[in-house]
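Chain nomenclature is as follows: A, B, C and D, assigned in order of appearance, with residue numbering initiated at 1 for each chain independently.
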Amino acid sequence: MDLALHPVTEAGVRFTKLIEDLAPAFAARAAQHDRDGTFPSENFAELRAAGLLSACVPERFGGMGLESLHDLTVGINRLGRADAATAIASQMHIAAGWQFARAWRNAMAVGDPRLAEIEALLSWYATGGIVLCVAGTEPGAAHGFPLTTAERCPDGWRVHGRKCFATNSTIADLFVVYVRIPAGGGDRIGLAFVTRETPGVEVQHNWDALGMRASGSNDVTFDCVVGEPMVMEVGSWGALDRFWLTYYTAGNIALLGAFLGCAEAARDVVVEMARTRRRAPGMRLVAERPAVQNAVAGIEIALAACRAMLARTCLVADELFAERLTDDSDLGELHQLMQLFVCTKQFVNRQAIDAVDLALTASGGAGYLAASPLSRLYRDVRAGPFMQPYSPLEAGEYIGKVALGLDPVVDH
Amino acid sequence: MDLALHPVTEAGVRFTKLIEDLAPAFAARAAQHDRDGTFPSENFAELRAAGLLSACVPERFGGMGLESLHDLTVGINRLGRADAATAIASQMHIAAGWQFARAWRNAMAVGDPRLAEIEALLSWYATGGIVLCVAGTEPGAAHGFPLTTAERCPDGWRVHGRKCFATNSTIADLFVVYVRIPAGGGDRIGLAFVTRETPGVEVQHNWDALGMRASGSNDVTFDCVVGEPMVMEVGSWGALDRFWLTYYTAGNIALLGAFLGCAEAARDVVVEMARTRRRAPGMRLVAERPAVQNAVAGIEIALAACRAMLARTCLVADELFAERLTDDSDLGELHQLMQLFVCTKQFVNRQAIDAVDLALTASGGAGYLAASPLSRLYRDVRAGPFMQPYSPLEAGEYIGKVALGLDPVVDH
Amino acid sequence: MDLALHPVTEAGVRFTKLIEDLAPAFAARAAQHDRDGTFPSENFAELRAAGLLSACVPERFGGMGLESLHDLTVGINRLGRADAATAIASQMHIAAGWQFARAWRNAMAVGDPRLAEIEALLSWYATGGIVLCVAGTEPGAAHGFPLTTAERCPDGWRVHGRKCFATNSTIADLFVVYVRIPAGGGDRIGLAFVTRETPGVEVQHNWDALGMRASGSNDVTFDCVVGEPMVMEVGSWGALDRFWLTYYTAGNIALLGAFLGCAEAARDVVVEMARTRRRAPGMRLVAERPAVQNAVAGIEIALAACRAMLARTCLVADELFAERLTDDSDLGELHQLMQLFVCTKQFVNRQAIDAVDLALTASGGAGYLAASPLSRLYRDVRAGPFMQPYSPLEAGEYIGKVALGLDPVVDH
Amino acid sequence: MDLALHPVTEAGVRFTKLIEDLAPAFAARAAQHDRDGTFPSENFAELRAAGLLSACVPERFGGMGLESLHDLTVGINRLGRADAATAIASQMHIAAGWQFARAWRNAMAVGDPRLAEIEALLSWYATGGIVLCVAGTEPGAAHGFPLTTAERCPDGWRVHGRKCFATNSTIADLFVVYVRIPAGGGDRIGLAFVTRETPGVEVQHNWDALGMRASGSNDVTFDCVVGEPMVMEVGSWGALDRFWLTYYTAGNIALLGAFLGCAEAARDVVVEMARTRRRAPGMRLVAERPAVQNAVAGIEIALAACRAMLARTCLVADELFAERLTDDSDLGELHQLMQLFVCTKQFVNRQAIDAVDLALTASGGAGYLAASPLSRLYRDVRAGPFMQPYSPLEAGEYIGKVALGLDPVVDH
């Protein structure tokens, strides 16, 4: 009986298997990239070679046809066990494929005039030749309220602003930038597609953090012009509309697999240690100490709870997204789903942190040494709560408001 | 989107629906039975009339054919929302039906010489005319090590000892008593089937506890003789064998549904309160207070986690039990399942307690009054960790030992 | 080395000693009063006979001259170990004496024209012949914003409104009622002194709660007229002024001693149980089980932390109040003190709850029976967070605002 | 009102003041030493120049005469706020001075034949010219059971073994090595005084850890010979005798001040941030967000509890050690003190970790960047539980056994 998460679709089985083949090599490189803060470009090259970077692209565009967010999460989970930074970085890219595919299917179904553009984007992405950086977060602005602007100009759009925590920016070929589009009847929010070579794009190469050091999450500044079709309006600035709820959920939920993976890796380290080490004067196995058994029990409970909750939430999302196009979906249901996701995110992130902490305790000091993977896991796993959407500073309010039937806009 | 637990089999759908029909009446009686410590006999009468007491009996014996432990848990969950004492009391009876049905299928498959006896027992139970009390717990003895003895005597067996926490004993017609059978090559463990009318059976009618006051969990003393076929040997005294692991898991897992139900009921009370009450000087809805939103968020997270974990564990059990007969099953797998169950039990029991506590906090004092259901829920839900198998004093050791690959016998 | 709290002043030593002499009798009566919800009048009679009801009255008025809030807390702690309901009920009365004495000293020092009235009140109270009920809490109103009104009328003041959680009201001779005094330039807050015999005062005798069942905390309705000097204006309605901060801190801080007492009593029950009981099959002492040792360790840590924090906070209060009269005191310092008190209240109340919960766990089920003191302690100790000032729903905001240098008014 | 810890003796006031003068410079150097893993030798030079390295030496030997462990803790707390690695490193050296002074007073009082040797050692130490490394911990051995041996040889003693976590070893002039002395009637434990220049002493310069990176806690190997007087027998191997309990408590208790300092520093960072930053779209101060207020409240509660508990425990230790010489002291009392210390250690270490975690949460992501002090504090503060005596894997057992009246030897 293997109680870990397992894929439920055929594409998911292939996806997970390919990742499991690559994972040992990624794990072997993790410590060095962490120490040096270097981006694991060779991991991305191997992911690309295996077709994994375009996993969510429909097969007719040459992808793997992975549609299940549950199975995407499973694959990212396997990466998370090996190298959490690679896991979140590649998730940012791969989940964007899911979003493009969804946008394409949506556009076809509703006869969206932007269909050709979306198809072109999907085709380009599908080649697997590019790496994406989704640049959403900004210093000093709540999510959903980007201050980076896109304003019309003679040659298309002028994009201006600064993004931070822009994962993948070290090597990204294309930036998907959340922008504010000033407009008369209320500002709009949009996506600007900006290639790396565009004059005025500057990756600051300043990523240096407690953990996730190999994720290339630099600041990026934009003061550039892009062509007319490269900015796509998607809703009202700051609005929790269908687009936002759908794409924000789908674009981030698989990240939780990475943090679960950290906890699983920590568990394995400490179980292995406890089953092989002995200590004077009693020389019994460390595993035989009741306090170690209790710490391991705490980890086991956390893992079982996280796996179950993550699986259930992903399957609920899969079901909802399979049933309805974005434009058809019920706003209330999308908030229910987002609420469930945010509950899951709060829970999994915190339990994963606590599980790694327990593993550190059970290691008896050995895990505190830089040479131990526990030392890296302890730093990496702490990134979870900061990731979008809804940090711990906002989650309680959002979850509570949905449950209480209030307008779920967080008070900023 | 209803994110509560829902049945997955047809029999489960019927089972749950019938319970949902009865639940409002049970809820209406709960406060009085709690206050007086009286047994909800009228609830049992209604459960019997609806055929629910023999839910797990195969249809050919006249039952509902409910085989899924997941769905049994769902039904008990609905009872738990209404009246937790009725929920656990009826679960003890209904799950015994699952065990009899399993024993019967097992005996048929392996050609067990006791088949006729098991079939007779099942038929008797299937009439729905009797209520069972499984008398396992004893003062001063760890589970699996009963001190109550069954010893051969001229007329069959002499049963002697004292049981406590014997739920349903107030009205039970038949006691299923875990006994020690002294034997030369190591004591055996057995089940003694003792009818209420047997001379020497005395229900002490002394149940008076913090909560679950309507569960009739009295002490029962036995100093009686039963006929030869009424004692069935099932294994070695204190051994964690196939029988023990199978029947102990199946007989108790649905109890968790009752405790989840307590937490769900508490959540509903506090959400309703927050959406309707206002407070001077601001006179805004209580729901609009950030601290209330946070408390409700905490409850929501706990509920979502408990539901997912409980569902997943039950489905794993269903799958394992569907695949294999008890005699075929792999001991290691049964320990994995038991470990998963114990993880789930520890987690759900504690989270349910914490969720009710949060609801009490969010109630702002109103919930502390005896007239509030929260006051009862706070007491009832605290019973969870004491229920079998594996209390919090033993769970860490068992879980840890299984995870660490040690012999999972708890050190008593 | 006795690490419990001990008095630091001579009056405190006498106070504590007298209480310790009475406590065993109170403990013996606790279960019955809890079960029946009766007020422990005989305990109050014994407290009166020992001079304890006027402990905080200056010696020149016939009291014990107890000025130290630390030592008041120590005495209440000893009562809390024996019977928490008696502890909080008598604290409400005894701490009022501290307040009267302070008001009297303050009035003398500043030449307050109300000196004669205050002195008369103090003298009356000092006889020990009366029991006070401080009626502050109201359904539907935040603390500091009473809706009960006192309005001038030909014969003095008309007092109208409803109070709840009015501890001691079962037997109280005098109600000290927080009232709103409507006024042109902004409502005022005042204290109305209303004797029990006043026509229009009705004690509802409806106290029936989860715990603290012997505290007589009924609703009381007022629709009555009192004479001119019986209403004393003390500040602006809803304002956190010097009076409020001083009297609210001093009037309630010793309550924490009662909740610490619950935790200490629970610890003693479980240590005693663990040191004397054995369990089959191993028959070793329960105390020898690692899980029991760990649970007891958790209680020990909680007790040591609560004692230290409670002692330190009380001594800070004693020092501040000794240095300054209410009218001289610095508003910022009073907020610092109140913040420290609220931190201590949050902490001690929660840790005490958790400690009793751990004791219940360590009891292995025995504590869940109504016959066990743990069962009562579990219900009594849960009252703590609801007591004034600042419930858990308000405490985070108040503490945070003080720390962050914001106006510390809680947003209602 | 400054509610931080403050010294209670005159020597403590001077000690604390001198440290507060140096602290800003230490704080300024902390980030660089952390990043590079270099030892803060310049800090030690400044501590020496200020006379602080011999703070605990009696004035007649040229020291500051600091006897109060409470005040030692206060000074180390100030260092901890500035640079936790310097705090623990200097504590290891300074507390050794307290131990030497105690040993000297003890030897004088009882006429110990080793008085001259102790006095010589104290005099040498008192010059302030040397830095000490207390080498106690070993890989694979529980505390109190060193495997490093000292065996008699023609030139004195042969010392052989490996120590780890040997703080200060980067620059230490003298190693105080806990050794096992094989003996007929049961092994003895002793201290070997080994100078750095001794042939066969090798500092491995391999310290590289998650945090406390500037503490120079390398492995050190010994295969050397020291003269006869350089090994001092102090008790039985593995015994919890008077010597062990006294010196282990006194030698480590002030370390807790460093971890409290981490939490205090984190609190200050986050309060400062919240009071100055604003965020789009609302542009209100971060401090005005309820979730931030709650996080800060959590930190405030933790700090208040830690300060109170740490102060109370240190004062209990001061009182006990002032009353009695080591040889006179009651073993039961020493266990009570050690138990109180271990409770305090468990509590302060965990609360400090949680407080820094809350600060990270409240920082909203900014604290996760390496440039933020929070990022270092998060790593440094996690060292606490690993420090001696009694890790979380042993503490529950020890605390519980003392409370339960069992022989408090931890089962190894």
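In this section, a contact is a pair of C-beta atoms (placed from the backbone, for glycine too) under 8 Å apart; a residue touches a chain by one contact, two chains touch by 3 or more.
From a predicted model like this one, the values you see are computed outputs, not experimental measurements.
In this entry, C-D is the pair from B-C, B-D or C-D that repeats the interface of A-B, since more than half of their contact pairs coincide by residue number. Contact tally for A-C versus A-D: the pair with more C-beta pairs in contact is A-D. Chain centres here are C-alpha means, and the one lying farthest from chain A is C. Distance between chain A and chain D, defined via averaged C-alpha coordinates, is recorded as 41 Å. The centroid of the Cα atoms in chain A and the matching centroid in chain C are 51 Å apart. In chain B, the residues that reach two or more other chains under the touch definition are 290-292, 294-295, 396-397.
Contact residues on chain C toward chain A in their complex (touch as defined above): 290-291, 294. Within the complex, the chain B residues that touch chain C are 137, 140-142, 145, 147, 165, 208-211, 238, 277-282, 284, 289-292, 295, 360-362, 364-365, 368-371, 375, 378-379, 382-383, 385-386, 391-394, 396-397, 411-412. Of all the residues in chain A, the ones that touch chain B in their complex are 1, 3, 271, 274-275, 287-288, 290, 292-301, 304-305, 307-309, 311-313, 316, 320, 333, 336-337, 339-340, 343-344, 346-347, 395-401, 403-406.
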